[in-house]
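Have a look at these structures, which come just after this line.
You will see two complexes here that share chain A, one where it goes with chain B and one where it goes with chain C.
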Partner chain A sequence: MDEKSQDVDIKHIAGLARLNLNDSEISRYETDINAVLTHAEQLSKVDLSDVSPTAHAVSITNVIRNDDEGVSMSRSNVLDNAPDVLDDELIKVPVVISSNSEDSA
Partner chain B sequence: MSTVQKFVFKHNPGTIHEASDALETGDLSSVKLCEGLIDRIDSVDSEINGFLSVDKDQILEDATASDSRRKNGKELSPYDGIPIAIKDNISVKDQTCGCASKILEGFASPYNATVINNLRKNGVVCFGRTNMDEFAMGSTTEFSAYRKTSNPWDVGRVPGGSSGGSAAVISSGQALAALGSDTGGSIRQPASFCGVVGLKPTYGRVSRYGLVAFASSLDQIGPITRDVEDASILFELISGHDELDSTSLPKSNFNYADLHDEFDINSLKIGIPKEFLEVQGLSTDVKGAFEKSISIFKSHGCGIVEVTLPNLAYAVSSYYIIATAEASSNLSRFDGIRYGNRVDKSSDLLDIYLDSRENGFGEEVKRRILLGTYVLSSGYYDAYYLRAQKMRTLIRDDFNKAFSACDLLLSPVSPISAYPFGSVSDPLQTYLSDIYTIPVNLAGNCAISVPTSFDGDGMPIGTQLIGNFMEEVKLLQAASWFESVNDIGKQT
Partner chain C sequence: MKFDVIIGLEVHVQVMTKSKMFCSCPNRYGSDPNTLVCPICMGYPGVLPVPNNEAIRKTLLAGLMCECNIALYSKFDRKSYFYPDMPKNYQISQYDLPFCEDGKVVISGKGLSKEFVETKPIGITRIHLEEDVAKSTHFRQCSGIDFNRAGVPLMEIVSEPDISTPDEAYIYLTALKQIMQYADISDCDMEKGQMRCDVNVSLKSPESPTLNAKTEVKNLNSLKAVHRSLLYETERQSEVLEGNGQLIQQTRGWNDDIGETYILRTKEDAADYRYFPEPDLMPVEISSDYLEKLKKEVPETPAQRCARFIREFAIPEYDASVLTSNKSCADYFEKCISFGSDAKKTSNWTMVELLRELSQANKTFDQCPVNPENFAELIKLIDNKTINGKIAKAVFSDMFSSGKTALEIIDEKGLKQVTDTDEILQFVKKAVESNPTPVQQLKEGKSTALNFLVGQVMKFSKGKANPQLASDMIKKELS
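Entry: the complex of A and B
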C-alpha cells in the first residue's frame, strides 16, 4: 500500500469522476489526498483476513413491495427543474449520436 | 466578543415546549410567535448568517392557517403552529433545496421529505432554510458556497458543521429548533460549538427519503434544540418506519411518553472508553469539561466503568474511505442534465458534465469526490474500501462489547471547542477532529450532545452520551437528568 498511495494520478481520477481541474487544484488535491491515504495505511497493519465487511450499520435485507401501480411525479413537475427543455415535454441535451453515424446506420 | 447571544428570548418563548404551552393557553398565537422570530432574524442574522433563505410570506400564511385551526379546536397536535428551521439538504415541496451548493442553485424540491410530511401532519411550520457545508461535507460551515455562518457566542469563530446554520440560528434565538443531518458528527459537533442540544438517532429510525444523500449508510436526520425535552419532542415527530426508505427500521417510532418510565441514576452504569482520554489534540478545556461530566454522574451515585474501544484509532481512516466512496457515487447524479446548474460552453456531452461539475462543486466536495473515486477505482478497492468495511465490522463489535458492560458511554464531542475562522485549514487535521463522533455513525448507534461548560475563551463545550442501538429512551433520560443537575456556568 505504501507505494500505491504515493502515485495517486489525480488527473486520471478526476477524469473518472468527471471533474475538470486546473493545475493548482491538481497539485493541491495530490498533496491532500496523499496525506489522507498515508494516514489510512495504518489499516494495512491490522490483520483483517478473517473479518467480514460491513456495508451498513444495520443488517438489512432487500425490501420488495407489491408490484402495484403507483402515482408518479408529473412530467411538468420534473421538467420544472431541467436546465433545458424541448417542446415542454423533453429534456434537451446535445447531440449524442452525430449525423455521420446516423448515415452509416 | 459579540453581544448577539446575550439578549436572547426577551420576548419569545425559547423552546418548543414553552411555545406549545403558550399556544395551548392562548397566551400566544403562531403568527405572533413567527413574527417575533422574523424580527429577531431581521435584527441579528446579518451578523450570524445562519439562514440561506426565509420565505416570510409562506411562513405567515402557514402560521395563520394554524391559528385558525386552533381557534376552531381543530389543532393537529400540541405542536400545531410551532416553527422549525430546516437544513438546506432536506426537501420541502416547492422550496429551494440547494445543499448550499452552486450546482443546485435554484433547484426547487418537487416533493416533501418524509420528515417534512411528518412535521406537517402535526401542524409544524417550516421556518427557513439553514446554512451548511456544501453537501454536508465539512466541520465549520465554511464550505457553504454562499456564506460563512458565525458562532453566536463569538462572531469571529466557526459555528461547527456541517449543520452550523441550524445550530447557530437556535443559539442566537432566531428559531426554536431545527432539523440537521449527521453523517459523521454534523449535528452533535455544531450543537457542542454553539451551546445547544443535538441528537443523532439510531441509523434507520428516521427516514432518509428526501434527504439529499451524502453517504447513505451513515446519514441520519435529527433535531438540534435548546434542551433535551425539545430534542425528544422533535424526535418523536420525525421518527418512524417509512416504506420509501429501504433502510428504515420496522417499529422505529419513538414515543415521548416512554421517557416517563422509571429512571434511577443509581442503577445506571456509564462506560468511559479509556482511549477517549488519550486522543491526540484533546484540549485542556475539553478534557476538563469531560472530567466534570464524569464526576457529576459519579457524585450522584451512577456507576462508572472503564471500557475499551480498541480500534478507535482506525475509525477516522475507515470513515473517510467509506464516506467519500459513497459520496463519489451519490454525487455522480449531478451532471447538469436533468436538474441543477448546466454549463454548456460546448456542444459536447462530456464537456457539459465536466464543466457543470467543475463550476458547480466547491473545494471540499471535489476533494471528497476525488478521494472516493480513487478508493473505489480498479486496483485499489481491496486495499482501501474493502479494508475500511472490515474495520467497520470491528468497530461495531467493539461497541457491542462495551455495551455489554454498561448502559451508555460518555465522551467529548470534539477534541477542541469553537475556533477562529481560518485557523484550521489542513484537511487531514480537520478530519481527525471527528474522532469522537465518527465511530457512532460507523456503528449506527444513537448519541446526543448536551451543553456542559465553557472554555477559557467563553465558548461552549458539550458532552456526548452514546446509546446502544435503538436505546434512545435511556439516552434521553440520562441526557435530561444530566442537563437538570449540571450547572453550565457563565460565559467568562
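Entry: the complex of A and C
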C-alpha cells in the first residue's frame, strides 16, 4: 500500500478541484491517491484481449425522452436558493473576468 | 513575407426543440431571466438528466446533410470546468464517441469582400451534442447569471483546418447556416446567440512544413466579426513573425468595437477538462432501420436546390444561388413559378424589387404582404403587355403597402398600357413637333435622340404607352 506507483502532483489535482490543501493534507492525499492508483494498476494486468470495449458500466442503452415541454420552477423559488440576487431576476456572482468575454466553454 | 493561413472553425448551433436537452423546461429565447429553469438545468444535487430524442434526431439530420458518418453507438461525457454559468461544475458533452464524424460541406461563391471563391470542400471533423450554458452579464462590481439558456441543446460542429481565407470562412458559415435552416434544425440567428463561432488560425511559411503556434479566438457572434477577427489575427501573427518574434499558443477574445483581439489565456494555463463518461446517461444506439428512415427525411440541401433551379428553370447560376441562399426566398420563388410566371422575369423581380421592399420594410418572406400568386400575376401582366415595366414597379410598391392585387390597382388608377396605335400616334406627333433639334439629330443617325423622343411620348402618355411601340412609330413617322 505504501508503494508509490506514480508521481502524483497533488497540488495540481487539488487546484483542478479548487481545493486549498495544507502540507499535511497534501502528504496524506499523496498516500491515499497513490494507493488508489496502485489498486487500479492491478486491473491493467488482466487479459482483456477477448473483451470488447464498453462505454458504460450499465449495459442499458437509449434511455431517452420525447420532446415534451413541462413546467419550470417559479423564479422566486429559484432565486431563494441563490446566495445573492441582482434586480430580483439575475443570480449575482463575483466578477469572473474583467474583459467583455461572455462565456467560458 | 507571405504566409499560408490555416483556419479551422468550431461552430456552436442551438437545436430548435420544444424542451431543453436533459429536462422538460421550455427551449425558448427572450423570456424573463431565470423563469425557464428547474432543478435539472440548475444542476441541483441528486437530479437525473434524460436526453431529448428530438435534439438527437436533429443532430443526426445535420450530420447527414453534412455527409457525415453517423455513429451507431455513441455516449455523453462530462467536461469539467469551474465557471458560474454551469453550477454542476461540468458540462454534459460528447468526447470520444460523437454522433457524427468525417463529413464535408462544399463551398463556393462570393465572400464578404466580394471576391469569388472557387468550389472547395471543407471537411467536417465531427458534430457532437451538448448542453448550452447560462448567460452571464458582466458588470463592474459583479456578474449576473440567467439560467434560461442553460441546458438548451447545442451542437458543436468542428471543421478540418481546410479554410485558407476570411472569405472562405464567411462562405462556409453561410453554407452551414443555410443547411440548418433548410432542415429546420436551427434558425441560426446570431444576434440571439443561436449560432456562435470560435476560430483557430495559424500561419505557415510556404517553405516550411511546420505550422506556427495557433491562436483560438472565442465567441464571435456575427459573420462579420468572424471575417474581421481573421483579418486582424492574420495581420497580427504576420507582424510578430516578420519581426522575428515567437508566437505562443493562446486563446484570445474579440473586441468588436475597436476591431482587435485580446489575450485571454496562454497554453500554460490551458483548461484541463478531465472528460469521463457521464454515469447518469446511458449510451445511445442508433438502429440501421432508424438511420434508413432518417435518410429519407433529409431535405434537399441548398446546393442541390441551386443546381435544380438552374436545370429546371433555366435561370443563371448567380440567380439560382441568390434565390436559394434563403429557404423561404426559394420557396416563394418556386410557388410563383407554379402559378405560371416566367422564371427569369420572376427571378429578376424577386432579387431586385421584392428583396428591396422586404428589406426596407424590415420583413421576412413569411411576412410578405404580397403572396406568390399575386406576385406571379403582376409578372404575367408585364409579359402580356397589360402594363409596362416602369408602371409595374409603381404598381408593385402599391401592392406591397396596400395588400391589393395588381389588377385592382391597375383598374383603380387607370394604368393599363396604351397599345392603341391611334392614341400613341397623337403623342408621337406631339413629341416630333415640339422637339425639332432631337428630330434633326435622329435623322443624322444619333440614336440617343430616339431615346429622348420615346421619353417624351412616355411623358405625354403619363407612362402608359408601350415604349417599344412608341419607338417603332417614331422611326416610321420620320422615315
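Brief remarks on what is shown
Following the convention adopted for this analysis, the second predicted complex is superposed on the first by the 82 of 105 C-alpha atoms of A that agree within 3 Å, B and C clash if a C-alpha of one lies under 4 Å from a C-alpha of the other, contacts with A are read in each partner's own complex, and residues count from 1 in each chain.
Going forward, contacts are C-beta pairs under 8 Å (C-beta built on N, C-alpha and C of every residue); 3 or more make two chains touch, one makes a residue touch a chain.
Since we're looking at a predicted model, the values are computed, not measured.
Using the contact criterion defined above for the overlaid structures, shared-chain residue A:Ile91 touches chain B and also reaches chain C.
Of the two partner chains placed by superposition, chain B and chain C are both touched by A:Leu16.
Once the two complexes are overlaid on the shared chain, A:Arg75 sits against chain C while remaining clear of chain B. Residue contacts after overlaying the shared chain place A:Ile60 against chain B and chain C alike. Comparing the two complexes, residues 16, 18, 55-58, 60, 62-63, 65, 73, 78, 81, 91, 93-96 of chain A contact chain B in one case and chain C in the other.
For chain A in complex with chain B, the touching residues are 1, 4, 8, 10, 13-14, 16-21, 25, 29, 32-33, 35-37, 39-40, 42-44, 46, 48, 51-58, 60, 62-63, 65, 73, 77-78, 80-84, 91, 93-96.
Only residues 16, 18, 55-58, 60-73, 75, 78-79, 81, 86-87, 89-97, 99-105 of chain A touch chain C when the two sit together in their complex.
Within the complex formed with chain A, the residues of chain C that make contact are 17-19, 23-26, 32-39, 42, 44, 50-56, 73, 75, 79-86, 91, 97, 133, 135-147, 218-219, 253, 255, 262, 264, 272, 274, 277, 279, 281-285. Chain B contributes residues 107-108, 110-111, 203-204, 217-218, 243, 246-247, 249, 311, 313-314, 316-318, 320-321, 328, 332, 335-342, 344, 347-350, 352-355, 357-358, 361, 366-367, 369-371, 373-374, 377, 379-380, 383-384, 386-394, 396, 426-428, 431, 441-444 to its touches with chain A in the complex.
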